[in-house]
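You will see two complexes here that share chain A, one where it goes with chain B and one where it goes with chain C.
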Partner chain A sequence: MILFQQFLANGVVVGSSYVLVALGLTLIFGILKIVNFAHGEFYMLGGYVAVVGTQVLGIGPLPSIVLVIVVMVMLGWFIERAIFVPIAKKDPTNVIIASFGLSILLQNIVLKIAGPEPMLARSGLPRGAIQIGNIFLTSERLAIVALAAVTVTALLVVLKYTWIGLSLRAMSENATVARICGINVRRVGVVTFAIGAALAGLAGALMATVFTVQPNAGSLIVMKAFVIVVLAGMGSIEGAIIAGLALGIVESLVTGYLGNGLRDIVGFIFVMGVLTIRPQGLFGIQTDRS
Partner chain B sequence: MAIWVKAAAAAGLSVMISSVAISAAFAEQLKLGVSLPLSGPASLAGTSIREGIEFAVKQANQKGGVFDQDVKVFIEDDEGNPTKGVTAVRKLIEQDHVVGISGTYVSAVAAAESKVAKEYKVPMISAGSTSSAVTDANTAGDPWFFRAFPGSRAQAKQTASDTLKKLNAKTVAVLYENSIYGKSLADEFKSNYEGIGGKVVAMEAYNPGDKDFYSSLTNVRAQSPSAVYIAGLMDSGAQIIKQAGELGVQTQIVGSGSMMSDKLIELAGPASEGFAVSSMFEPSTPNKHGAEFAKEFRAAYKKEPDVYSAIGFDSMGLLIEAARRAGKPDGAAMQKQLLNMPDFPLSQGPDRTTAKFDDKGSVEFKVGLAIVKNGKREWLPFD
Partner chain C sequence: MRAIFLILVAAATLAIVSTVFGGGYAINIAIVVCIYVILASSLDIVMGWTGLFSFAHAAFLGIGAYTAAILGRDFGTTFWLNLPLGMIVAGLFGFLLGLPLLRAQGHFLAIMTIAFQTIVYLVLSQWTDFTGGQYGIEVEPVAGFTTLSSYFYLVLVIAVICLIAIRFLTQSRLGDALQAIRDDETLARTIGMNTKAVKLVALAISSAFAGGAGVLLAYHIRGVTPDDYTVLASASIVAMVVLGGRGRFWGPVLGAVLLTALPEMLSILTDYKHIFYGGVLILVTMFAPQGLAGKFSRWRAR
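Up next, the complex of A and B:
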């Protein structure tokens, strides 16, 4: 039981970062229907911007987070406008290939500039373990969970009370009807893409304080984010939160009880099972074409 | 018609010229290849090995090169990927016409590449790949893949005995990278350690590049072994050491050779205090040839060499010397020379270590143990 508590805590920490990455992807992939394999590179770039902020500029952790969000919003804006929109005009499936290319391009640019060494973003939080009952955690890990909770709450508020949120929810239910009702799809698209990039970057920045960041840091997490989005059901925000946390916890329990080698497999097994039984995902809404 | 005549005349002329002068000038240039992971997860080691290789080439060329010409080196990035590695070696041999290859670092890639090199009769010298499986695959007496330092079997044996006798740890949990490098070390460590009376309480694999070890280490903590042995690369090693500290795992941690890096101490922070690692080279080496290399490297690069640069330096130095002794840039002649170089000094290992390859292409010398004290590795004397 003591072990179980620790496994659970580990899972919640890792799951929190999954939630942030997957939320960005569920907006981009689930709602805008853009298959963006470079989403993992947004995560990686967020980590590097945090390293630049805390190590090179020395501006402290909170201003660095602001820097990460600003940079990633700008980058997301630019990429959507300069790459994805023009390519999608000809054939939307080309976007998938373009995002693969972008992913390789970004990894190699970073490799050229920053080199292959893992880098650590400084959180400025006190080092060492914090013991809560039988659970050992560090202040950085607790901060990841706290910041993820704050971000998710903020996102939910935005989705509920702003025009962009309303438009997004409309689009997630039925894109065609939303368009007929006069929603400016292009404007919603670019804002959503920028928010998605910022969420991934934020996750990368937070994780870079604990797990360091390397040019290839985003390649596995993007696959897990796709798993979460598909598990949750395309475009389901609440579903992505639950599925993200659940995947983190399940992975942690599998590692603890069955061995580390199986960890990266479980998510994919789940996704196959869920797609067979419930093709719209666990929390997806099935909309019929009329 | 006129063009044909001109072409024929030109061809005839070029044959004449080449047979007289140019053959000495062009055909005999020594061309060597390098395959290393210069991007991807293993690139940290790869870039450091490349510096050692380039330093060996620079030194040889400053001394007048080989066959009165500069040695030419072609470097390919194999990304730590067996498929890319095979492509790289094929390109080096078929297009660049190299007669010897230094490479590579990742054992699985070296295993794949060595098959191609053997087919073309081009000798390869490991640039860091440790798994004994690669030299074991050689035909005894006719090896085409050489390793100028002890393989995983010898390293694991030494570490097992050091862990039990020098560090006095009677029970060990083993965490290993799920690759031929990590697995061969872990298996050989286990059989050796249990053979001399120790007890392995857990064997846990992790995927290359894994960063989160809280759950594995939680299990380790529950078993409270007196030591943890990590067989894997530096980036995961640093995370294990750091997270073990955070989780309050109070035990001696021992790492495999690839964790012998200053970067590990920086990334793991204070938790790396007391960390023990198998070590074949330190800048403070008692090996006189190695100390001289360290001095010259420091002067040239304005930084300390590490085990990677020493491996690269030895690997490339051997190829150049083998060609010089063979008297011609020919892979088969170089392979024969390599088997007969017990006088060639290596920068790794104890003093007076030489390239005395056995019939499987491996060199045996005593692997040392270094312990981190006050943020610096201290080399325990060879006993």
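Up next, the complex of A and C:
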């Protein structure tokens, strides 16, 4: 039972990073309808910016996080404007291919610059585990959960009470009607993309303090984020939070009781099963158009 | 008929150029070119002709390669049995994947192929007892074709046969059916076409060719390791099809030749091969969504 609690806690730590990555993806995929495979590279780049901030520039952990967010917002802004908007105008299905290209490009550029060795971002937090009841967690792991919780809360507030949040929710319900009501769809699009990139970068930065970061760090997590988004329903914020935490916990339990080899495969088998039974996703509606 | 003539001419040119002008290195590249030509052309059956995005082609490549390697290891079967068996097993997996896959729509379909690709990779790398894990399995060279140049001729002949088969396939009634589905599936169903069966057949055939290419690759590099069959490999096959031009017979052939040979020829590019692939994918989708073959035929139409 004590072991079970520990597995659960580890799962929540990993799950919080899944939540952050999946939230950005669900905004981009569910609302803008862009399938962005380079989303995992935003996660990876966030980790490297955190390494640069804490190890190379020597600024503290909090300024580094600000740096991560600023860099990722700028990058997301640039990529949406320079690559995705021009392609989507011609043929939306090509966006998938272009995002794949972007993913390979970013991964290998980083590989050339930083090399294949994993790197650690310094959190500056005291060493040693903290005991809570029967479970032990390092301060970095606690910080991941805490910061993820703060970020998710902030995002929910933004979505609920601000202009951009209102436009986003309108667009997720019906993009055409939102446009008729005078919402600047293009502006909302680029802001959404930037927010999504920043969320993924933040997750990467937080995880880089515990699990290190390497050039291919994002390739598996983006697939898992897609799994979460499909299970949660496209564009569903609450769904992504629940499904993200659930995937982290399930993976942790599988690792603990069934072995490490099965950890990564669980989510994919599950999503294939779900899509077999409900081809349009858990909450989608099947349509047929000529 | 003209296309078949052109295939033979191209194959003869490749054979002459690589044996006369190059040593082992050039023949090596020529073998890889042939294998990727089969891969890109077979992916185009589903991607270009049927309009289904598949990012799982390297998984079928891997299934073919591992079928040959495991059969060779456990039963000592030869190349001539492993090649058809590799194709059958890969085709069977393609068919089985198709059953759930073809119910999904649009983006979900692409995501499912990637989920499948990831599952196959994880099984290949984690099921150590069966697949050899990260170390993979060694494969003995084909008896009678142990030298590099003799193996090259074998691969070349098989590639020519595959290309001719794909050409006949896309020109047949099945090819017409695939195009009808790509252009408007609902309409195709309305006129009484069993679109699901047609798509299943296309996916199984395409996967079988990829499995065959996998067997050739396994015997060429004399072994299999899971890292050759990642989603990255799938993406580079997609890059070849997109660069060359989807739904045109010569498109994927051209794309495969260019993307395999160019990085090898320009020595600066070998180190930056994947950066080059990524850049090509972005630039082509931005500026020539129909690929080089599409650009060419538009230019000729003028």
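By definition in this document, the second predicted complex is superposed on the first by the 273 of 290 C-alpha atoms of A that agree within 3 Å, B and C clash if a C-alpha of one lies under 4 Å from a C-alpha of the other, contacts with A are read in each partner's own complex, and residues count from 1 in each chain.
In this text, contacts are C-beta pairs under 8 Å (C-beta built on N, C-alpha and C of every residue); 3 or more make two chains touch, one makes a residue touch a chain.
Here the structure is a predicted model, which means the values were calculated and not measured.
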| item | value |
| --- | --- |
| Chain B versus chain C as contact partner of A:N94, first or second or both or neither | second |
| Which superposed partner A:T138 touches (first chain B, second chain C, both, neither) | first |
| Partner chain in contact with A:G53 - chain B first, chain C second, else both or neither | neither |
| Touched partner set for A:L102, first chain B, second chain C, both or neither | second |
| First, second, both or neither for A:G201, with chain B first and chain C second | neither |
| Partner chain in contact with A:I269 - chain B first, chain C second, else both or neither | second |
| Contacts of A:G261 with chain B and chain C, given as first, second, both or neither | both |
| Contacts of A:V230 with chain B and chain C, given as first, second, both or neither | second |
| Superposition-derived comparison: chain B or chain C, residues of chain A touched | C |
| Contact residues common to both interfaces of chain A (with chain B and with chain C) | 108, 220, 261, 264 |
| Complex contacts: residues of chain A adjacent to chain B | 2-3, 6-7, 10-11, 13-14, 108, 111, 115-118, 120, 127-129, 131, 136-138, 211-212, 214-216, 220, 252-253, 255-256, 259-261, 263-264 |
| Sites on chain A touched by chain C in the complex | 29, 33, 35, 83, 86-87, 90-91, 93-98, 100-109, 112, 219-220, 223, 226-227, 230, 261-262, 264-265, 268-269, 271-272, 275-276, 279-281, 284, 286, 288-290 |
| Chain C - residues contacting chain A, complex | 53, 55, 100, 103-105, 107-108, 110-112, 114-116, 118-119, 122-123, 126-127, 184, 186-187, 231-232, 235-236, 238-239, 242, 271-272, 274-275, 277-282, 285-286, 289 |
| In the complex with chain A, residue positions of chain B that touch it | 38-41, 43-44, 46-47, 178, 204-207, 209-216, 218-219, 222, 235, 238-239, 245-248, 263, 267, 269-270 |
